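Residue numbering begins at 1 within each chain, and the chains themselves are lettered A, B, C, D, E and F in the order written.
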Amino acid sequence: MFYHDKKLQYTVRVDRPNPAFARLLQQAIGGIEGEIRVCLQYLFQSWGSRGPQKYKDMLLETGTEEMAHIEMLATAVALNLEGATNDLKDQMVGESPILSGIMGGMDPRHYLSAGLAAMAVDSNGVPFNGSWVVGSGNLAADMYANVMAESTGRVLATRLYEATDDAGMKDMLSFLIARDTMHQNQWLAVLEDLGGVQNALPIPNSFPMTSQPNEFAYTFISTDINRPEAPDARWASGPSIDGKGEFTYQHAQPMGQEPQLAPPVPEGYAQQEQMAAGPDGFIEKVKETLF
Amino acid sequence: MFYHDKKLQYTVRVDRPNPAFARLLQQAIGGIEGEIRVCLQYLFQSWGSRGPQKYKDMLLETGTEEMAHIEMLATAVALNLEGATNDLKDQMVGESPILSGIMGGMDPRHYLSAGLAAMAVDSNGVPFNGSWVVGSGNLAADMYANVMAESTGRVLATRLYEATDDAGMKDMLSFLIARDTMHQNQWLAVLEDLGGVQNALPIPNSFPMTSQPNEFAYTFISTDINRPEAPDARWASGPSIDGKGEFTYQHAQPMGQEPQLAPPVPEGYAQQEQMAAGPDGFIEKVKETLF
Amino acid sequence: MFYHDKKLQYTVRVDRPNPAFARLLQQAIGGIEGEIRVCLQYLFQSWGSRGPQKYKDMLLETGTEEMAHIEMLATAVALNLEGATNDLKDQMVGESPILSGIMGGMDPRHYLSAGLAAMAVDSNGVPFNGSWVVGSGNLAADMYANVMAESTGRVLATRLYEATDDAGMKDMLSFLIARDTMHQNQWLAVLEDLGGVQNALPIPNSFPMTSQPNEFAYTFISTDINRPEAPDARWASGPSIDGKGEFTYQHAQPMGQEPQLAPPVPEGYAQQEQMAAGPDGFIEKVKETLF
Amino acid sequence: MFYHDKKLQYTVRVDRPNPAFARLLQQAIGGIEGEIRVCLQYLFQSWGSRGPQKYKDMLLETGTEEMAHIEMLATAVALNLEGATNDLKDQMVGESPILSGIMGGMDPRHYLSAGLAAMAVDSNGVPFNGSWVVGSGNLAADMYANVMAESTGRVLATRLYEATDDAGMKDMLSFLIARDTMHQNQWLAVLEDLGGVQNALPIPNSFPMTSQPNEFAYTFISTDINRPEAPDARWASGPSIDGKGEFTYQHAQPMGQEPQLAPPVPEGYAQQEQMAAGPDGFIEKVKETLF
Amino acid sequence: MFYHDKKLQYTVRVDRPNPAFARLLQQAIGGIEGEIRVCLQYLFQSWGSRGPQKYKDMLLETGTEEMAHIEMLATAVALNLEGATNDLKDQMVGESPILSGIMGGMDPRHYLSAGLAAMAVDSNGVPFNGSWVVGSGNLAADMYANVMAESTGRVLATRLYEATDDAGMKDMLSFLIARDTMHQNQWLAVLEDLGGVQNALPIPNSFPMTSQPNEFAYTFISTDINRPEAPDARWASGPSIDGKGEFTYQHAQPMGQEPQLAPPVPEGYAQQEQMAAGPDGFIEKVKETLF
Amino acid sequence: MFYHDKKLQYTVRVDRPNPAFARLLQQAIGGIEGEIRVCLQYLFQSWGSRGPQKYKDMLLETGTEEMAHIEMLATAVALNLEGATNDLKDQMVGESPILSGIMGGMDPRHYLSAGLAAMAVDSNGVPFNGSWVVGSGNLAADMYANVMAESTGRVLATRLYEATDDAGMKDMLSFLIARDTMHQNQWLAVLEDLGGVQNALPIPNSFPMTSQPNEFAYTFISTDINRPEAPDARWASGPSIDGKGEFTYQHAQPMGQEPQLAPPVPEGYAQQEQMAAGPDGFIEKVKETLF
């Protein structure tokens, strides 16, 4: 269960409110790279964790920390939306055409739907979606999902950092960027704790290697119609990353059949002309009774 | 641009059609762990790739291969839906209560909407969602996104393998499981090619380390109200995974303020009682004019 | 910011695991009536709260409590999914055909995607959607949104209570039902604190009554083609609930015009035949230049 | 069944077309506070109404009226999109920086997808979502859902009123604001008709009070780590709103256990290291057979 | 504006309630082929109609009729959900394994969320989505969208007809099937009224033919790597359907370049290794300042 | 299975990059009228095709071609996003107020989430949705779905053509416009190949005409309360388009009953007052036991 402190985890200060920047911050709240996603992802992974207790505990700790990050960002959005006494255009960062280009205006729903507060949506107003909360029950797969979340999350945070010259916002974002650094390291530390990258692969490592055809398990397949030979690349020759095979090369080629489906069943009500094509003519009787 | 061969990449054979298994296979087509996602993800990453050409090329090759996997699975769904001449219940695998439990029936839309064919949805009929197609423009973040996709994808494939005793389906799934093994290795090979895990971290590695407060960048923060001391864990002491810091421990504590928002602006039409609470009384004039 | 205790707010005990009941519980986690929604709704309302501090504080307290309810339900789902050593069918409650009817099977993604754990979805596997998180910035509107959430939430919880005869599950659900009782009372207590129902209406009460045409503000309009006279009903005569008007009756009738839109602009590329219909013929010139 | 009159329920007049305002109006059509939602919500509640006939009838009448409101707004959108002969910027209301800030441009899909007409989306182009149509089968819960819809709806309408200085648009919006006043009163009149707020609570009032633990049913629980004592607030002491209890105060504390899940089942294909952690070692045998 | 009659457009009678069939009927209410979609689609097309008045009027008439169809189906769902006094299994149609296979159970939300009534969702509980409401502003494109809706709608209705042996349900469905027949004819009658298929094509017919490269406008392009020659098919030779060209054949071949994107901009925070690949080395300076 | 050529199907050239136009192009990638939809739609129709092989083959060919169109558009988006060295405003086309109005700014996620590359979303950032991929199993219904897709797609392309004065973009769009011309003709050629419009109708033509009440199958029903007589229109008199009936006219009138649902079942936990209304009083006993 959970408690709170009314104080924020880290200072949130907006020196010069900017409603257009409030819109950008929404990506870090309700976007696929955002904090609601990592918060719920780590918590659901913890609540469903099976196996060593230490991972369950740690996921709960970091999931709870992420809740504080949503709070900081929601506060930042509200502060950017208030006191907007100057024209948006004047508030935009001066030099970069990229940055002024994305500052086309605030999210109208910040005013219309929320009365100048944060919402559970991304920077285009698309709502947070629960499908992004990944917890597979396989610890290594989940750790890679978490590294991915913190990597795209940190990339997002650095771009937001770049998109403002408000000293308060830069300070808050630099804190979040630092925490993302820690969390990238943290999830990879779990993988090390589990025996390292080689031991973890192929994920899941509990599926018998003998149940997969290993002749396809380390082959780089090229579909490039103009590439007859293997590229000189790390993934086309040499030992595989998991140490359990040797990379080889193959040009894509069909090993399967041309698929052939049965004619439609009568109760599917395809067009008559589709049914007539059936190899066995049983549909003729159906047609006779129809018209 | 693209070409096709009418033959499949690998044989798809269904010995004993099972509409309930067709429903399960949909997860591997239109689910977040499925093949539409990886196909579009690798293709969009390739089409937006900036930097060394070899990564752009390789992403295009593997994205194109994944299209063939969608095709195989769609064919498998159609074959499982036809010739269903026996009761679904009899077709379930015999022993495991978990497996028979999930075999509650086919997806009704396989009949109602698709006439016994595959759809772009998951095993609950929830449509594929384009938000799952991650391409951040940062190569390392994208590689972790890809490892994550192939890890959850291979976990899914092994569970599908477990959920059937149809020899044809097991053969097809074992091929896909092998390809996922390759692709996990392949994306990690790119990370190695980029200089390895240490060099890649923290992602993005192009953001100046001096712009983040490094005192927060390697600290494990515990929110556990009953944990006063550091756990004995890989992520709470010792060198960080990226080699750029030393893990430390801190119990969660507020470093920020208690947030205080301004009273509502009049044109936001909050309740009067909210406005009256404003520290500066400017709302009193507004109220006078209202009633 | 937030802390946690590893213990649950209330005991979660499953005497007889039932994967089909796990599926039903998902509605209380990721459904529109579920706990993720109320948790985020109260927290976002708190984080965006403008006006008296006491409401902001209280919303934060109850939002934090709801997080513990998600945790309880996620634990209950995981426990119902494990040790499923008996046939699902045998585990269903005996007598009611309604209840056995809905127990058609478990959510396949509980196995395929989550490895026997809870997900951020409803009982049909439809993901949680951030659009359900309502915070309007108007405190009275938000309180009604919260009463609504707790009312549909308690209705859901009583139905889940009815759908199981597992003593542990009944105990947990009765706790949640009691908390919903409190929260219904709590949000209505805020309305009382704000001056009561009459004072709050019409929401927002800060919009000038003189800016709306009051002749339409208390009239029950019937669209029933066969109802020429007012019904004998509380809402068709007598004082209005807000005490600011008198209910009257009117049969629906058009007070507006038949709408007439301009012809299509050329750059909208409607069909030529649509353009020719324009009242002013300016489109003729366009057509001449086209072909 | 339904009939129509080609005339509108109320005049829709646009004196000075403004495509950016057309975008804002979309929130009142396809947003969660919008007219499609209330129209379908009241109609579905009517069509599924069980119990006294008068409520079913009345819901049908008001649901049908709401259809006319969608029509008025769709007409207003189309009129705002045509004749856009001046620069958008010039058309914006002059003084308020908030209002000019949200007027960043029109919805591009108004041109690209709809040829200058309304769509079933909100002001950010996010499509209407059927999950918003709430009908629980419990009349009191549904009435609170309806009050909430009309409250957030009227708040939205007043903000749109504020965001335009077009006399025609203000006139149309003032009519809709008046109708929302009526409908707030109307749904609360049903609650009065059902015996009033006290009798309705706790919703559902048909669930036995003896089946919930009443010691938790009227207790305000604070999760604030710094609040050891009860706040001086309406919801922490005194009689409960439903008159069936007395508000008390409790600081949050765990009453449940630390949850412990079983180790993963073999067919879930977690990592081997998770399985090894099982308390009973049955997984060892599995591992032996795997590699 | 709209009126209603409390009576249904056509009799709805359920002889033998079947909750599993109620679930199937949802596809015809809230599915992409369902009645909410056509109702809103025709109404939005009418409300946005530009050009001859007769089409606007007729779309309004048929959109209003469709509302009555939603009502009939919602009533049918409610009736199928009540009085469920027999086991679901016994109620299934006897002979066809396909049909009994899809009858795995009722939608749990029919009980949990709606109290045995219809919802605005499809047969898998996926909510109605406003993106399905197509109104392009081009009358011919819209008519094809409408034919498509009525075609997939009638296919769905015939499958539902097949999936029940309840005489009341068959009667209701046969009425809807007949109305779909009319509406298919009706929309095609508009195309005839517009001058017929040839005149309408290519849609939009107001775009100058001289602005498209006509050498690509009638060529069937094959991507089949094994098909060097034109198929003997209606679409590969002979006059085009629009009478404005002659079908020809071409094997797919690239006419464009190998795309080459610029290196990442520094403020996009790609990995350093991506930037180093830039052709112009301007990134070197950036890197120097970074570390 | 699939191969690729690294070259594009047709040249993609951007003379003057414009990030705001990149946003508009997204509608043609991830919108409902876009290329991902047609690509997947044709491929899924092919993979599920039952009946004559030639249609399956052709759908596969055109689906594969569409993949190349996604590639072209994704490349165009990336090129428009780079080198944005001038103010967005300066880059807008000069004369038309409509066009400058929609050019309010770039999609912020193009920078924040994608690092200046294309995404699987529409021009408002709403993700691609798999529900748009229609394949009904009925060939004629699917062909109309395809004509509709190519018609709305070509309308979109002509509007994009209008919205830019970049010669490179106009060239690329004119190629896509030409291909849409071909594909409209192609799908209608299939209908001709199937025997023509008359033979195909009513879709599905395999459902017995005797199973639908033909007295409702060719009647134009008007719901207009002021239209007592038939309009003089193609769809109200004369032979039906399918040649199987004669159009007639009828004013809408109820042929069904006023629906009456049973009272709520006790386990649905409606309000007590709803249950009391039951005609049979069985609920009284329930109420006695409740309080």
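Everything that follows uses one rule, which is that a contact is a pair of C-beta atoms (placed from the backbone, for glycine too) under 8 Å apart; a residue touches a chain by one contact, two chains touch by 3 or more.
This structure is a prediction, so every number in the text was calculated from the model and none was measured.
Student: For chain D and chain F, which third chains touch each of them?
Tutor: Neighbours common to chain D and chain F are A, B, C, E.
Student: Where the contacts of chain C and chain E overlap, which chains show up?
Tutor: Common contact partners of chain C and chain E, which must touch each of the two, are A, B, D, F.
Student: Please identify which of C-F, A-E or C-E repeats the interface of D-F; the criterion is that more than half of the contact pairs agree.
Tutor: Equivalent chain pair to D-F in C-F, A-E or C-E: C-E.
Student: Calculate how many whole Å lie between the centre of chain D and the centre of chain E, each centre taken as the average of the chain's C-alpha atoms.
Tutor: Here chain D and chain E have centroids separated by 27 Å.
Student: Quick one: chain E and chain F, Cα centre-to-centre, how many Å?
Tutor: Roughly 6 Å separates the two chain centres.
Student: Which residues of chain F are in contact with two or more other chains?
Tutor: 1-9, 32-33, 47-48, 50, 57, 60-61, 64-65, 68, 75, 78, 98, 104-105, 111, 113, 115-116, 121, 124-127, 129, 131, 136-138, 140, 152, 155, 158-159, 203-204, 207, 223-225, 252, 254, 256, 259, 261-262, 264-265, 268-270
Student: Considering only which chains touch which, label the overall pattern as line, ring, star, complete or other.
Tutor: Here the contact pattern is complete, since every chain touches every other one.
Student: Applying the document's contact rule, which stretches of chain B touch chain E when the two form their complex?
Tutor: Chain B reaches chain E through residues 1-6, 19-20, 47-53, 84-88, 104-113, 115-116, 121, 124-127, 137-140, 194-195, 200, 203-209.
Student: Considering only the defined contacts, which chain E positions touch chain A in the complex?
Tutor: Residues 96, 98-99, 155, 158-159, 162, 225, 265, 267-269 of chain E touch chain A in their complex.
Student: What does chain C use to touch chain D in their complex?
Tutor: Per the touch definition, chain C meets chain D at residues 3, 5-12, 32-33, 54, 57-58, 60-62, 64-65, 68, 72, 75, 78-79, 82-83, 111, 115-116, 126, 129, 131-132, 134, 136-138, 140-141, 144-145, 147-148, 150-152, 154-155, 158, 161, 174-175, 177-182, 184-186, 188-190, 192-193, 197, 201-204, 207, 211-225, 227, 231, 233-235, 240-242, 245, 247, 252, 254-259, 261-262, 264-265, 268-270.
Student: Under the definition above, what is the set of chain E residues touching chain B in their complex?
Tutor: Touching chain B: residues 23-24, 27, 31-33, 97-105, 122-126, 152, 155-156, 159-160, 163, 223-226, 252, 254, 256, 259, 261-264, 266, 268-278, 286-287, 289-291 of chain E.
Student: Which residues, counting only chain D, touch chain E once they are in their complex?
Tutor: 1-9, 30, 36, 40, 43-44, 47-48, 50, 57, 60-61, 64-65, 67-68, 70-71, 74-75, 78, 113-121, 127-131, 133, 135-138
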